[in-house]
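Please find the structures below.
Shared between the two complexes below is subunit A, which has subunit B as its partner in the first and subunit C in the second.
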Partner chain A sequence: MADALHDQIRAFILENYLFTADTSALKLDDSLLGRGIVDSTGMLEIIFFIEEQLGVKVKDEEMIPDNLDSVNRIAAFVESRRKAA
Partner chain B sequence: MCGIAGVYLSARDAQPERARLERMIKAIAHRGPDGAGFHLEPGVGLGHARLSIIDLGGGAQPIHNEDETVWISYNGEVFNYIELRKFLEERGHRFYTHTDTEVIVHLYEELGDRFVEELNGQFAFALWDRRKRRLLLVRDRTGILPLYYSQVDGDVWFASEVKALLASGRVRAAMDPDGFDQLMTFWAPLAPRTVFAGVSQVPPGEMVILDEQGMHRRRYWEWQFPDQGALRRAPAAQLQSELHDILADATEIRLRADVPVGAYLSGGLDSSSLVALLKERVPTTLQTFSIGFDDAGLDESAHQRSVVSHLDTVHNHVQCSLADIAGNFVRTITHTESPILRTAPSPMQMLSGLVRGSNVKVVLTGEGADEVLGGYDIFKEAKVRHFWAQQPGSRWRPALLKRLYPYLDFTSDQSAAYLKEFFGVGLSQPDQPGFSHLPRWTTTAQCKLFWSDEFRARVTGDAPERLRAALPADFGRWHPFNRAEYVEAKTLLPSYLLSSQGDRMLMANSVEGRFPFLDHRLIEFATRLHPRYKMRVLREKWLLKETMRSRLPAGILQRHKQPYRAPDAAAFLGAHTPQYVKELTSEATIRSYGYFDPGKVSRLIAKLARSKVPAARDNMAFIGILSAQIWHATFVAGQVVE
Partner chain C sequence: MDLVASLSAHARATPAAVALAWNQANWRYADLDRAVSCVRDVLRARGVKSGERVALLLRNSPQYVAALYGTFAAGAAAVALNPLERAEVFARQIRHSGARVLVADPGHAEFERLRAMLHDVAVTLIAVPTPDVPDALEQFIAVLGAVPEASPVTRAGNSLALLIYTSGTTGRPKAVMLSHDNLVANARAIVSYLALTPADRGLCVLPFQFSYGNSVLTSHLVTGATLVIEDNLAYPLRSLQRMSDLAVTGFAGVPSTFTLLLTRCRLRDYDFKALRYVTQAGGAMTRTAIARLREELPHTQVYVMYGQTEATARIAYLPPEWLDAKAGSVGKPIELTQVEICDSAGQALPIGDTGEVRVRGPGIMLGYWEDPEATREAVRDGWLCTGDLGHLDTDGFLYIDGRAVEMIKVGAFRVSPYEVEEAIAQLDDVEEVAVAAMPDELLGQAVKAVVVLRAGAQLDALAVKSHCRQALATYKVPKVVEFAAQLPRTMTGKVQRLQLT
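And then the complex of A and B:
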């Protein structure tokens, strides 16, 4: 289910890794690693984005594909951290 | 070195047009500013632009045999020409010059097509046998010198550079989509393919034979590795002695010239080793040349100074700024005749300019040592990934990658998970050909994201599959290390390092490069060796280091290999963006040339402009796009880019 948070995350990834505004280029469940959209250095930029734009600090042990490998996973991770805060 | 050009006409009685050949030679006059020569007869035309290195007064080309039935237009150096000439004179051949060129003509008469196996050197030439009415287009073993050809209406046009083919007026420039696909995978197209549709290159180690039966290719040399079980092992001291003797002789014969010979000095092991060996032979006057960068992360000046001080050479240095790269880049692409993914050739062009400005015409370089003696990080990476593939669940096996890339962080779960994803590509099939290079190819191929849909639809093949299909039949029986060496020797070395970053940047300033580490005797010594002598655990070029230990400063021997890099997108973006960059990357020009998606390109440029530390793949994509636009403007649209 796409909401403002999902849209914001998807827009960031489309703009910075797929260089397009076409939302059909990225499904919410697409694996960012599996599709070759980000690599390990690209992940650093996503973490900066989560911390600076979404206001959620990411701990070392949280930087795993389960939390960060798709728009849905990033959104779920961010929401859970916001609730916990 | 020189430039050659010519034509083989399908109509045997047709007379070639001299004016066309003159235009072709004029287009590559930078390769040979010391003179031009032509030989025309029915069915064939040979042209030559000369850079005088040996027999300065008497070596005008094309050159012929005693009765003028065999002719040659030749670019290169045969370093064992003195020994070959002696052999030929004993067999009754008479010479009218003192050149290495004439040796080839008589050797062909003496041995037929086997003659090429006796040549030790770097060469690309056209040899015409009037009696048999056949033309041979021959290229050296490893691809040091270039040779292109194109068949148009049955006639075959050939030249050292594509611009000469275009100057003939018979060959038209257009992008080969599959060639560009290979470039955006391997960094360069696989020979015989080029980025020009309809233009082929003679593959390294091959000759193209043109006669009344048609055109066919024959391979005369190959990077041949033994089966794993047959690799050579011997006492280290013995191998060090053998390596020293071969390398010393390879260096010695590359000093044969009637003009001063200098050397490039990067501050790494390979060039330092050469300079040490040279210094023993040219004690007082050896000139060395190096380049430095303002960016401390790329600059090797301190290491260069250390070697200069240790070996006491007459040193010349040029500093390369971001503005130098932006200012030289159009000229660089005019000479590479190909899009490139890094700016690294541009500073090499400045370096050859420094050499020429110092009145030196010939330089020795350390190129080839990493391929032949096991220096590249990609070999280490492949070794670790093989080790890891044996226990894919292991946590600490992939952590060995940290030894290669100290800036990578394997300590946290985060990094380990992502790095495993990157380096783990293909891990389930470690014996698949190309395993060693999959991470690099996968990363490079991300540049294709910027292609337009229309261009993407014109690509017909899969680049790695095409490479796999061309591998030797016994490839699968080789040691994994040797497989990685072979792929490197067939992809990056000939068509990028020796071409875009080598011959083209040297010849842009009429300077000849010589490459002792690519002496075929050294390659044949090294291909037989067990890889343990090349890489001991993860210590690269082990045998070379042991061999040179007494001759070099300890700091040079202990250095971790630093890949040669130059500043990329940063040179072109920001407040000082040159006008040509703005024009060629504008939405209108991107759309008009058709290779890329204008929206994606403008987003990439915007992202690079706001990135403090641009991602490697964004840098690579930008340089690929900009250089492809310059390439199109220059060669296809025929514009002068300023």
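And then the complex of A and C:
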């Protein structure tokens, strides 16, 4: 399901790592690491994006693939943190 | 005794000692030796002869190590392809090196595109997956298939063992040729100053396809120690936890590795009692970062080091007890190695004067592959001209003061501005382009491009970056693309890259 949050996350990754606005270039479930879309530094930038643009603080122990390795996982993580707040 | 012979010796003496630790499997010395023999036999059965090249496109994994040492064992030379690159670059390097065989991971993101490009290249493809599973060894051997055992291969110490592609100052490919003697001499020098023993467990997250990662790999296997393998640092907490769980004794990083760890992680929350040392090479790390690292890891020794692929890996290291007295220095030459500072005519300069760093010793490369002209420029009378500027103090400690050539250093990766310029110049709308370094908080430097468009052309920054991503490794893609009416030039018309940032 793609809502505004999913769109925002996908747009960020498309613009910063795939350099395109074509949404078909990135599926919501694509592994960001497995497909070679981001590397270690890219993952750090995604964390900054989550913190600064989406307003959710990422704790050290939350920096795991389950929370960060696809658009869907990032969106689910952000939603759960926003609800908990 | 070269690297393969010493691996076999460890396999006989301590067959059950763990050589490679991955997440789901440990490969003991006997296991690795078996896998290496299997690769050797398959390569010989496919007709690979001594001195021929075998290209490897495999991520950091036990399979990569087995393929590398198996290639050495077959008397062939490995071409270590950097998995971060794109299919076009792999195809170019396979052609340039004249590789007979390509051992590649079908799970690599560029595998299918590369395969499609190879139809006109006489290269045999051996697809080897790199799954991180408990029975990875059995799968590896099954994939390679049963072949008759090869007759023993003799390897001359000074024969070609490894080709590592580096960013040259021109657009053409440049591959450093390292011999078996180069590899073993540099590995042994590292073992000596780090005092590595079979009890050591070093974690390597650096790519094996570059000289630093390769040196971590070879120095551990030559000692009979354990190498703990990681293939990325995208989830640093997980890697740190693993370091603690496995009681890792050594860790190798580049400045951006440590910046990442110091920015995002609380190192003191982990149990790192076993961590004897960390090493840092691949560019200068700030004194502040070194001080913070020592603060976070009070029981761990920090080795600041200096090296170059053309010298196999290591040239100098700073013994940790000198970190304060010689802050900013990269230390003294490793064993059997000498460093001199020279002027542009090759004359040695007085102590304290800044000039080009030149190095002599058993790690100096054979030369650049099929490029005698570049080799003559780089190695003169046995001395490697590093292109780095530096000076020595009265105690013989070396300080690096800068690069003599316009190379960009993104993290620890060298990026040639020319390579990025050539990629951008392929776009029809581009009249001309210049590429330079810009400061970057995390990586030290990032790539910046200034583009002059043809009259009437419509091209935005995203399109330039998108094109670069197709053609170049991600770390080479400009972080910033600016458009200008003209490029800054000298009176003679030479583009002034330093004026760009």
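We take it that the second predicted complex is superposed on the first by the 85 of 85 C-alpha atoms of A that agree within 3 Å, B and C clash if a C-alpha of one lies under 4 Å from a C-alpha of the other, contacts with A are read in each partner's own complex, and residues count from 1 in each chain.
The working rule: contacts are C-beta pairs under 8 Å (C-beta built on N, C-alpha and C of every residue); 3 or more make two chains touch, one makes a residue touch a chain.
Given the structure is predicted, the values throughout are model-derived calculations rather than measurements.
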{"item": "Partner chain(s) touched by A:Leu18 [first = subunit B, second = subunit C, both, neither]", "value": "both"}
{"item": "First, second, both or neither for A:Arg35, with subunit B first and subunit C second", "value": "second"}
{"item": "Touched partner set for A:Met63, first subunit B, second subunit C, both or neither", "value": "both"}
{"item": "Subunit B and subunit C footprints on subunit A, overlapping residues", "value": "15, 18-21, 33, 36, 39-43, 60-61, 63-65"}
{"item": "Subunit C contact footprint on subunit A (complex, rising order)", "value": "15, 17-21, 33-36, 38-44, 47, 60-61, 63-65, 68"}
{"item": "Touch list for subunit C against partner subunit A, complex", "value": "84, 109-110, 232-238, 256, 260, 263-266, 411, 442-443, 462-463, 465-466, 468-469, 474-475, 477"}
{"item": "Residue numbers on subunit A that touch subunit B, as the complex places them", "value": "15-16, 18-21, 33, 36, 39-43, 45, 60-65"}
{"item": "Contacting residues of subunit B [partner subunit A, same complex]", "value": "408, 412-415, 417-419, 421-422, 442-443, 446, 449-450, 597, 599-601, 603-604, 607, 615-617"}
